[in-house]
Amino acid sequence: MACKFISNEDTNKWLEALAKDHVVFVPVEDGGSVTFRPFAEGRKPVLDRMPVRSPKEAVFPQTETLLTYKYEKDPENPERTAVSIKETLPRERAVVFGARPCGTRGMSVFDKVFDNDRIRDPYYATRRENTLYITLACDKVESTCFCHEVGSGPADTTCSDVLLTPVQGGFAAEAVTERGGKMLEASFFADGGDKCAEAEAVKKATREMLGEAHDYSDAPEKLMAAFDDDEFWEEQAAGCINCGACTYLCPTCYCFNITDEPTGTTGKRVRTWDTCMSFQYTLEGSGHNPRTVKASRLKNRVNHKFAYIPDTYDKHIGCCGCGRCIKSCPASVDIRAIVKAAQARSVKKESK
Amino acid sequence: MRIGVFVCHCGSNIAATVDCPAVAEQAKNLQDVVFTTDTMYTCSEPGQNEIIEAIKEHNLDGVVVASCSPRMHEATFRRALERAGLNRYMLEMANIREHVSWIGKDKERNTVKAFELVSIAAAKLRNNNPLFANKFDVTKRVLVIGGGVAGIQAALDCADAGYQVVMVEREQSIGGKMAKIDKTFPTVDCSSCILGPKMVDVAQHENITLYAMSEVEKIEGYVGNFDVQVRKKATYVNWDDCTGCGACMEKCPSKKNLDAFNEGISKCTAINIPFPQAIPKKAAINPEGCMMLKKGKCGVCAKVCPTKCIDFEQKDEILTEKVGAVIAATGYDMFDHSVYKQYGAGQYPDVITSLQYERLMNASGPTGGHIKRPSDGKEPKKVVFVQCVGSRDPAVGRPYCSGFCCMYTAKQAILTKDHIPDSDSYVFYMDIRSPGKGYDEFTRRAQEQYGVQYLRGRVSMIYPKGDHYVVRGADTLAGTQVEVEADLVVLAVGAESAKNAPALAEKMRISYDSYGFFMEAHPKLKPVETNTAGVYLAGSCVGPRDIPTSVGQGSAAAAKVMTLFSKDKLESDPQVSSVNASRCVGCLKCAKTCPFGAIKEVTDRGGNVKAEVIETVCQGCGICTVTCPQGAIQLQHFTDNQILAEVNALCQAQLDF
Amino acid sequence: MSGSTGLLTEGQDLRIVGFLCNWCSYGGADTAGVARFEQPTDLRVIRVPCSGRIDPLFIARALLSGADGVLVSGCHPRDCHYAEGNFYARRRLEMLKQFLSVTGIDPERFHYTWVSASEGQRWQDVVTSFTERIRKLGPAPKMSGGTGYDEECLKEIAAAVSLGEQCPCHKEKA
Amino acid sequence: MKANPVLPDMATVMEVVEETSNIKTFRVRFDDEDVMNKFTFEPGQVGQLSVFGSGESTFVINSSPTRMDYLQFSVMLVGEVTERIHQLKAGDSVGVRAPLGNAFPTEEMKGQDVTFIGGGIGMAPLRTLLVYMLDNRDDYGKITLLYGARSPQDLSYQEDIAEWIGRDDIDVVLTVDNPDEEWGKNPHEKVGLIPNVLKEINPDNSGYAVTCGPPIMIKFTLMALNELGFKDDKIITTLEKRMKCGVGLCGRCNIGDKYVCVDGPVFKYSELQELPNEL
Amino acid sequence: MQALAELKDQIRKALPELDVVIGWQQGYDALHTRPLFIRSEEDIDKLVVNEFCVVNPSSYLREMRGGKKVGLVLKGCDSRSVIQLIQEELLNKDDLTIFGFGCNGVLNHAKLQARFGDIGYIESAESDGNTVNLVVAGNKETAPFAELCAEKCLTCSYPNTLQCSHFAGEESDKKAEAAQDKALEEFEQLSMEERFAFWQDQMRRCIRCYACRNACPMCVCKDHCLANSRQPKWLSEDVDVQNNFMFQMIHVMHLTGRCVECGECERACPMDIPIMLLRRKMAGIVRDVFAYNAGTNAEDTSPLMRFEVEEPTIEERH
């Protein structure tokens, strides 16, 4: 992979250039937190903090209109009403700039679920196709970071088109995909030179800060073994308040709801983020609910990431290790600790 | 859903300023509307038939009528729907007459407004559900609380109509205030002569069960099905055996007890029958005065009683009665004038209340009908009457007019002259309120024929001077201060709500005003009904009333009860609240704010607490629906979704397709 | 979601929503009609059984959805058909009234009052003065925009979409 | 697979049958004749029925692929969407996404006896398979139907039942909890809980048993089938879960790593036992 | 810390009679504590009490209705929610054992973050009640406590646990002199248009995760919140400014006369939306009009659950 260099100053110009024909999502200071917002005059990218929201919203927005409909009366005979529906596929072209490798990696789960041999979700697929990920490697770590434990790392390139690494005076840039390579042909980029080595050093140093990685490879089996251990799950879930912060901020959570939202004779069918932490998520029309207690809902979230997805998709862990769910949890529930406890639990049981 | 819209011209009442055909035409575009038309008079026979035919022809399951106010014709159109086989609640009305055509002249804007009101109605209708009334049995017995003249009248009317009556009287005898009064105005005929026979009728009527010395402890249930608990207070006399012979009273050694019937101007024995005409004529022991009950010594009455009916061990008894209706006729109490320090705070023996004066004048009273000053027994020659004591005086919390004091004062002044021809009477008054048949003539007669001197002004002070009193007041007509010397001062005390009236109101779940008077369902149109179905009011418990009004209301309340009892089954209005148990979290906030006690706590099969509406008690106000944070309790026909549909129809931006 | 406004034709009438209790105020409005007391046409009345049924959230919903004004009227205190409904309503509505200012919704856009069935004249006065007040305030500011793709973003999207196939990096994949 | 799996095809309600006080059957045809002609499905597969403005709900296609005049859905009134569906009348437009999910193993069942045990609305998925088998009668062995409901008025598909009773190549037994005066005059009319009546019938345990109904009934029917000696991999049932997308994306109908909407709704009892305990 | 040792002692003594005691334990890093559910002796030593004990343990009570004997370690502010719940008869006072102490205030993560960059980069922070000493990315920093503490602590009138069965350590004197609300006052300097624009922008940021609701100790509807219901349907699933703000309206209205201003909603908000402004405003109105302070008297009745025939403090509306 060729390594190039772009100065801090040129980075801004590059963004301006990209914004001419893309919606460029950049992390900006947004009322105290850092979120992705379209790049525009006066919006300064914040690149030294991890965005609170995940980059998934560029390809999987919180509210996606699937179709619009309209009831139309026959002008001659009001008894006859025709319903027409319109498919509303997204057309935007976008760039996500400055997402962290973990967040970008989240797309890997979406890619597997939404676009595979069996099914292709055109809303997601279209956006995904039309969105470029310019990812920023990390040079600092936080207490909630564990990318290195789930198969990723501070310079992971999974799902990225370009990887930037912060170096003195700017960024070292590497193309990950062909279209990423095209982007680096822009005039703002100079040859990497010794910046490339500097970048490698930054990557190495960051990786070292993370320390040794815990091994989650037997988690699926251990979690399933713990499935019926209600006491275990109740203990793990005791602090959980069943809000949706973890799932909505998670780069890999993709569950959604579909509802119709009418406005008079017209309306739309929307797909909105849903959360498996909510009671309504599995509530059936009959009133029956397979997951009435929060322990079973938390269990589903943990299992989905660390057991069901790895089991279905060739051991690919459904968690990208970004730590958002831990950091933003009002009760500091720690998914790492839960999986580890499940792993340890089995050890304890087996040793008996 | 298939909705039909009918836009009424109301002749030219609507059509003059609203383009009705245009409204009907535009309404075709509304969702689920499959038929629209405009008609000359929708409420007329042909107009209604058009609705019925359209329902059948177009298979409609909901109807919007845009016409006059629903307060005018909702019932009419609901019946029309029923005739066509639709549920009556599948109707919505758009008021395009009172709220549109009659209040604006701009036809274009009126037409837009009319269409929008139709849209709101249609939007709500899409969320309507058929509602069905529940039928339930009626217990055809009535409880009358209070045995004053209003209660007596109500009880006798109901009993004569063939219904069982349970009468509960707090005192030892029925008769109320009227029994204490000497003569009635303006006819000046003998009060007990006209009331007495009615009291006897109560005692003898086979349909009336009388509980004297009793109070209502608790009322549960709802119209047609009330469960009443009556506390029968201990009298220490077995009334089944007491013949009212009075032997006990003669021998009772405790003779210095407060004589409540005589308003405290005389004393009585501890075992007592309040007055000779008492109904029931039974003796009762006042435990505060009885030596046996206080100290365990005496028992004279038990020894002398020929039927051996004295029972010192007697306890209060709780009886239960099932009734279908309740008439509250609990009357009033006299204002306590001791708050007026300037009138002697009740300390001057010869400054007495008007009711005490009635007892002084009454032939069956303690003085045998001779007017004598309480202090020295002398016949007073100068009597001053002070009106509005505890009436029309915000300073003592009684801003209202008690209504009848002007009249009884005139009567008492006249009677004074009759009793003591050489006496002079003075009346201090604020205004003379004498509306009523022969009333004004009567007050005039007092002045013109009997020479009673009326002085317009408030009395500022009464103070003793020697063996008489000086009444100082203003004469606002003369513009001077006046002082009148009096041998006896009679304070025309006003009426106030009966003691414990608020507590009783709460038992009956009816409202009362800040003075403790019960609130009628509507002051003009429902004067004897309350907001609690099956509970009716008569007499002064609603506010001060004179005798003829009280009697009239007694009959009116009885008539209401008879109307209620004319049906074997009652139908409950289905526009009541209903709880979605799967959403209810059992916080019971709804029950706490319900003015009617219509929500009860139940436990479901899983042991969870839930709220449940007693449909027959619920009046359909919807306070609970707003109180419930989960929206689990919904007022049918005015659900959140129905009202939100109306709001959305008006405000929500329509999505571009 | 932009789109045409709700039912009310823009430019002409303002969107004023009325919530009236059935027994007093709706009757009062009827009385005003019977007496032909002329009133501005902006108000649209929603009938409810009692002011106690009026959830302050209905008013919030109306104001957030774009109503320019909301007028609530019930029976005078003590005259409630249901005895206590307007007593509860008074507290609830007063709380909302005082609260609105912090949300940036002008509290003047919301008014609650008491009109009896006999007070046709008063009803006319209430409607007229409230409508005048709202006219003075003008149309209410509208809430719009979603998360993620905010207003700014929508403009950007429009621009990007107009460029369409010119976008260099996407041509490749297409 | 279609280009857009969440986009419904427009269809029109041809006929509405009121089955019971809270169940209606809707017969619909796609508006596009081409779609209608090309449409195929297998017994047991489900469809999503849309009323635009209220949303979508999942129902089994209970007509048989052998009779393609229309698609038939039976809808029990339970919530917001079903309330709107119940308001539909002939001629109204709906959206249909179908077929979704897996099907009964009709191939594997060939040549075998089949016992159907249905309770309440659970008769719907059985009806499609039953009609299919009757239309391919020679492929299957002895067919027995046990269908129960709360009362005689709660039995759906009265017309079908009358026809089946008339045939001699199927045994029909009906049972109710609350009989009326008329009930019990015919020998196939029983009173009692389904599992008990099942044991009474005592069907041959070498064949297949297909059962569907409310959870509590399923629970006891499975126990009864076990008792009668049916093999776990020859007991077939269908599962119901809250569904939204119907195509394995939205996440909510999972039991472990299986999605009822794509891996179900048809499951063998032996498969159910493999799943985590989260029904 | 004296109080901690005493608390542990008191809990140890009371534990045999209790099903669980809820308190705090150290979380995944130095800046976070998480709820602790003490069920056995060995759990007691995990208890911590410090300026990071932000969670209001009474939020977990709604899951425990029905006769469970629960112990709670509560800050003064937290204890108000329990009192309010008892008042509403949603809790049985006899089922509760409250362990109290004097609180010197808690730190606010959002403020730490605003000052020192991402919270994830702060390695440690300690407070002596007046100054906070921190290590941020290896560097030592100090700041006055008042600049980093939760907003509620600046206006706190109840630093000591109310109505507690056991009190440990010394009473705190950190009572705010006047409960003036500077942030709100400042906000109210803005014009109507500016306020409207402010909320429009804030509500754009909301992700409707309902952390505010679920963290709220007074939200007792549990799984049946109006926001998630279609019957009635108050909110669209659309996550947009209008619906997001409507949810805040619902929450505020349902908390009128009930909100104890514990600030959990704002603290829980992952987007740091200053929603306490709305709740504090409403609580202030309730104080002004009804002289009522939620959660301070279990015998009282919340103002919207009662009325007066004459309301001298409500201006008559003509």
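Note that the chains are named A, B, C, D and E in the order they appear, and that numbering of residues resets to 1 at the start of each chain.
Everything that follows uses one rule, which is that contacts are C-beta pairs under 8 Å (C-beta built on N, C-alpha and C of every residue); 3 or more make two chains touch, one makes a residue touch a chain.
Bear in mind the structure is a predicted one, so any value in this text is a computation, not a measurement.
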| item | value |
| --- | --- |
| Required steps from chain B to chain E (each step between touching chains, minimum) | 1 |
| Farthest chain relative to chain A (centres taken as mean CA coordinates) | B |
| Selected interface, A-D versus B-C, where C-beta contact pairs are more numerous | B-C |
| Inter-chain centre distance, chain A versus chain C - centres from mean C-alpha coordinates, in Å | 39 |
| Where chain A and chain E are represented by their mean Cα positions, the distance between them in whole Å | 30 |
| Inter-chain centre distance, chain D versus chain E - centres from mean C-alpha coordinates, in Å | 51 |
| Computed distance of Cα centres, chain D from chain B, in Å | 62 |
| Chain D residues counted as touching two or more neighbouring chains | 53, 79 |
| Shared interface positions of chain C, touching two or more other chains | 1, 3, 6, 55, 61, 65, 78, 84, 88, 92, 146-147, 150 |
| Per-residue overlap in chain E, given as positions that touch at least 2 other chains | 205, 207, 222, 231, 233-234, 238-240, 304, 309 |
| Contact set on chain C toward chain E in their complex | 1, 55-57, 60-61, 64-65, 77-78, 84, 87-88, 90-92, 94-96, 98-99, 101-106, 111-114, 141, 143-147, 150 |
| Chain D contact footprint on chain B (complex, rising order) | 1-2, 31, 59, 61 |
| Footprint of chain E on chain B - complex, ascending | 513-514, 580, 583-585, 587-589, 592-593, 627, 629-632, 634, 639-641, 644 |
| Complex contact set, residues of chain C against chain B | 1-9, 12-13, 15, 17, 22, 26-27, 29-30, 32-34, 36-41, 44-50, 52-55, 58, 61-62, 65-67, 78, 81-85, 88, 92, 124 |
| Touch list for chain E against partner chain B, complex | 88-90, 220-222, 224-226, 229, 231-234, 254, 304-305, 309-310 |
